[in-house]
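Note that the chains are named A, B, C and D in the order they appear, and that numbering of residues resets to 1 at the start of each chain.
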Amino acid sequence: MTTSSSETAPEIRHRAQDLALGIGRFVAVTALTFLGLLAITFFIGRVVPIDPVVAVVGDRASQEVYEATRQALGLDRPLAVQFLIYVRDVLSGDFGTSLTTGRPVIEDLARFFPATVEMATAGILIGVLLGVPMGVIAAARAGSWLDQLIRVLGLLGYSVPAFWMGLVGLAVFYAGLGWVAGPGRIDIFYDGLVPPVTGLLTVDAIIAGDWAILGNAISHLVLPASILGFFSLAYIARMTRSFMLDQLSQEFVTTARVKGVSERAVIWKHAFYPIRVQLVTVIGLSYAVLLEGSVMVEIVFSWPGIGNYLTTALLRADMAAVLGATILIGTVFIVINRLSDLLYRVFDPRSR
Amino acid sequence: MPPLLELKNLRVSFPGPRGPVEVVSGVSFDLGRERLGIVGESGSGKSLTGRSILRLLRPPAKVSVDRLRFDGADLLAMSEREMRQVRGARISMVMQDPRYSLNPVMTVGDQIAEALKVHERIPRREVRERVMDMLDKVRIHDPERVMKLYPHEVSGGMGQRVMIAMMLIPKPDILIADEPTSALDVSVQAQVLDLIEEMIAEYGMGLILISHDLDLVARYCDRVLVMNQGEVVEELEAGGLHRAQHPYTRALLESVPRIDETRKVLPVMDRGAGVGT
Amino acid sequence: MTPALGIRNLYVRYGRTDVVQDVSISVEQGESYALVGESGSGKSTILRAAVGMVSDWRGEIEIDGTPRSSMAQADFARHCQMVFQDPYGSLHPRRTVDATLSEPLKIHNIGDRDHRVVEMMRSVGLNPRYRFRFPHQLSGGQRQRVAIARALMLDPKLLLLDEPTSALDVSVQAEILNLLVRLREERGLTYVFVTHALPVVSFLCDRLGVLHKGQLVEEAGVDKLRAGAFDEPYARELFAASLGAGDRVRHAV
Amino acid sequence: MTMHDWLTDDAPASRFQASAGQAWAITRAFGRNPLAVLGAVIIGALVFVSIFAPWLAPYSPVGQNLGARLLPPSSEYWLGTDELGRDIYSRILYGARITLLIVVMVALISAPLGLIIGAVAGYFGGWVDRTLMALTDVFLSLPKLIMALAFVAALGAGLQNAIIAIAVTAWPAYARIARAETLTFRNAEFIAAVRLQGASHLRVIAVHVVPLCLSSTIIRVTLDMAGIILTAAGLGFLGLGAQPPLPEWGAMISRGRSFILDQWWVATMPGFAIIIVSLGFCFLGDGLRDVLDPKQRDGR
């Protein structure tokens, strides 16, 4: 932003102070939230279970093994010290070892996370590309049958269980119509053929230039991504509609009409333009929710992502893996939340 | 020669819980290149009348009018596209509060330029020059700087001058000013109204000044319509306020305290059976 | 006699600026005093500091000779009440007239509420029929009458009025102004009246202080206002801008 | 004077008449919104079915009949039978009880908690607000479903633990709403007026602030019900919610998963029950918002 010549030195100093304060606040809040996340996972892992040692060694372990584990886990120390150690471990990437896979949890996460990101990203693309225009159209024609249709569609997005939709989708589009590939990320005879560069199978296939694998990966991706996309579409369309209605009732929109601006420009330039920052926040939130929501969809589609890893661990009481996955998704959640908040402050001229 | 604007039997209603409620009931007037004032209290229908002329009211408002002609053309028969050629370019409107009527995320310069660009195809350079000229005309002395400002960065009086510049830049034939000063401080009010008066005279335009302030309208207009509960109760020459006959107009005139007030009790309107308002 | 409201060397801060600077005012018992100025002059802020709605102030504020800071909230409530500008924002949207007027009686454990509420409604010119209406079922003028009635329920002697008529139509303004004049006579009230409208001051007040950018630039009796004979340039400017067309004609003659 | 006149009288003669009139106006406005009425009917039906399930269900929800395994929908078994020969229709009717229990318990735990935290934070502002909202924000910026999963994993599977886990993750949204609502009128003149009359902070919050937050909280809780039902069903689907043989809808879908290609009704039917009830809450919440939101109702 250009600073106009009429600004006095103290004003500029105040602005710089505000900025520094803003950045400080941002860092502090993010750190605090992250600490909160760790506190909750710590609470879940060490305080809620009646005996965390038994959770690790099983209830048939001998007294010596039990005691050794207890000390190894640091459970003989005060809770506050245990928490500090826990924070230190997490910050250094030590999430413990998974009982299920026998590997360090951090390695598992690195292996499974890209699949989840790929599915959620495809989902959010569908949600944004369809949801935003739908919300704008619904608001521009508020009360029409089109608006009602979009509204009911949106409410369905709040009411249909993702796992159920996945099952029905598989039954109809895979088993029934044969339009898409079945569960899994790729057919078995294509597995492991492209070198993993990004971990995103579609991107890796493009990099390797292998179009058959790309096609196969897409045919596996399209159904789960569409299901996720439907949920984010519902949310995004609904929020877009309500932001737009709010803008369209403002006096400056009437001003634009008085000037003779076309209805199309009134809607997109005057009403939509100001809400784009709010929308980025909504989309960010929606993306975070998709990463989370993919848990249920991954199970149905046997998708080798973080959700599948998490639920497998859950059923085997593999708490290190459960908490590791929780911290990972929670961190992504926090980062997206905070970034969209920051974006809002930076881009809205009124908040400067 | 027909008048510039003809309005006959305008009616506006809104749906209410007990059937439609009529808020403008049969307003008619003609306007030439003159200054017409419309005065009334809140709920008298004066603003809706102004907006109906530009066909700005949207459902659930219902508008019916027998005749709405402008410069020989029937505004009623126009498509929405044709109507847009009229809005801004031929009939324009200054609204009440620049804090709400200016787009908060567009710079002042862009908003004024837009008013020009929707009606004329002109090169960017020329747009910029004309915007600067216009800002200069509304007595903004450093247009360079002001053009880059966002509405929240300008004062109320300055915002209203920006609004006037924006509405007058395509040189319309009629300007509707809807309470253009009621959101401003007293010391700025006169400046803004003087500016409107001057521009109207310079461009030879017609003016419809809508206000709740009878004194103010009488000062800036040639003719005054007094509205009450959706109807025009009296039409007056601006110089002849003291000849007002209608009890409502008389009450409006007399219930306002004067700056050298010595009355012990102000006369109030007889509202019939209702006790107090 | 101790003044009803004594303010000495008042400074009020909002953020980094003093919006009120070194203002001293003394309002006598039974007087009607106006604080006049444009938006941002600090006139409302002074009232807000006096009732405790603004906390960041320095200086002295005394009600009936007692420092504001040493008065309990309940005690203060019986001495001093305030009427706000916006009759739409100053009434609780979900409470009936009856509930709004009974509230101060309940807080102070005063009995005989039915009788008192009806009496007060009559006194401010509200038909008791309206007792169980909600604010959205009342007109602007009726709402302002409710707000005035609420302020008088505890029988205070000092009433702070923050532009009580600026949101009203002129004909309704006249009714409220008449009511305020009558109530003051009947109850011996002291008014501190904040407004930007000089003509209203001329009708309702005995004395006025002109504020400009947080400072008190001139104090004068209402005669001086009627004659348009202010000493300070800013006060004269404000006077000139406030003249209506009718006034201009009369003053030109 | 007829009942209708009495209710719509614009000058009620008593407190009772005033509140009755208010309730009547709300009901009338609500009745004009067909989707909202549909929502109310669905929720009414849910409650009805929960109470009268034993009389409405043709079969026992748990009684097995291995001779009648995996039968398609017919006049005898309206929605077919599952792999143990249990009547799906009867199980869905009994399952309504579990759904209603979860929804009511979560609402009773999380809504008052959130409402009070939000109202207190918004009203006092300053460090009280910062502390309470920091806590709220931490919870709010965590993934709800994952947190619920982690909680249940630690507490152990079961209906009661599922309810606790969902409630723990649900309250921050209400605190946020109550705070935002409180902030809009915290500096309102009617609150200042009550303070000036000598009312204590406790009285202002309890008598003046909380009632104003109530309607937006109710709206939000109703709209959230769909999400709560989905989360509960998700936990059930993973085997972490209500345990067999309880006829929980999510668990029923999970059991039908293996038969989805050949015996589609086993997994599909409970899904419809979830969708209908969730939609019912959505419709009801939308309708309530149109009716109760003072910005829309008094916005004239």
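To be clear about the criterion, a contact is a pair of C-beta atoms (placed from the backbone, for glycine too) under 8 Å apart; a residue touches a chain by one contact, two chains touch by 3 or more.
Keep in mind the model is a prediction, meaning the values are calculated, not measured.
**Student:** Hey, what chains does subunit A share as contacts with subunit D?
**Tutor:** Neighbours common to subunit A and subunit D are absent.
**Student:** Expressed in steps between touching chains, what is the minimal separation of subunit A and subunit C?
**Tutor:** Tracing touching chains, the least step count from subunit A to subunit C comes to 2.
**Student:** Please identify the chain with the largest separation between its CA centroid and the CA centroid of subunit A.
**Tutor:** Comparing chain centres, C lies farthest from subunit A.
**Student:** Of the chain pairs B-C and A-B, which one is connected by the greater count of C-beta contacts?
**Tutor:** B-C
**Student:** For subunit C and subunit D, let me know how many angstrom lie between their CA-based centres, rounded off.
**Tutor:** 47
**Student:** Whole-Å distance, subunit B centre to subunit C centre, using C-alpha means?
**Tutor:** The mean C-alpha positions of subunit B and subunit C differ by 32 Å.
**Student:** Centre to centre, by mean C-alpha position, how many angstrom separate subunit A and subunit B?
**Tutor:** 50
**Student:** Send over the residues of subunit B in touch with two or more other chains.
**Tutor:** Residues: none.
**Student:** By the document's touch definition, which label belongs to this structure's chain graph: line, ring, star, complete, or other?
**Tutor:** ring
**Student:** Report the complete set of touching chain pairs.
**Tutor:** Chain pairs that touch: A-B, A-D, B-C, C-D.
**Student:** If we count contacts the way the header does, which residues on subunit C are in touch with subunit B in the complex?
**Tutor:** Touching subunit B: residues 38-39, 124-127, 139-142, 145, 169-175, 177-178, 181, 196, 198-200, 202-203, 225-228, 237-239, 241-248, 250 of subunit C.
**Student:** Contact residues on subunit C for subunit D in the complex?
**Tutor:** 51-53, 73-78, 81-82, 84-86, 89-94, 96, 98, 103-104, 107-108, 129-130, 132-134, 136-137, 147, 150-151, 153-154
**Student:** If we count contacts the way the header does, which residues on subunit B are in touch with subunit A in the complex?
**Tutor:** It is residues 51, 54, 56, 59, 80, 84-89, 92-93, 95-97, 100-106, 114-115, 118-119, 145, 148, 150, 152, 163, 166-167, 170 of subunit B that touch subunit A.
**Student:** What does subunit D use to touch subunit A in their complex?
**Tutor:** Counting only subunit D, the residues touching subunit A are 134-135, 137-139, 141-147, 149-155, 223, 226-227, 230, 233-234, 237-240, 250, 253, 256-257, 260-261, 264, 267-268, 271, 274-275, 278-279, 282-283, 286.
**Student:** Over in the complex, which subunit A residues touch subunit D? Could you list them?
**Tutor:** Residue positions touching the partner: 29, 32-33, 36-37, 39-41, 44-45, 48-49, 155-156, 158-164, 167-168, 170-171, 175, 288-289, 291-293, 295-296, 299-300, 310-311, 314-315, 317, 319, 322-323, 325-326, 329-330, 333-334, 337-338.
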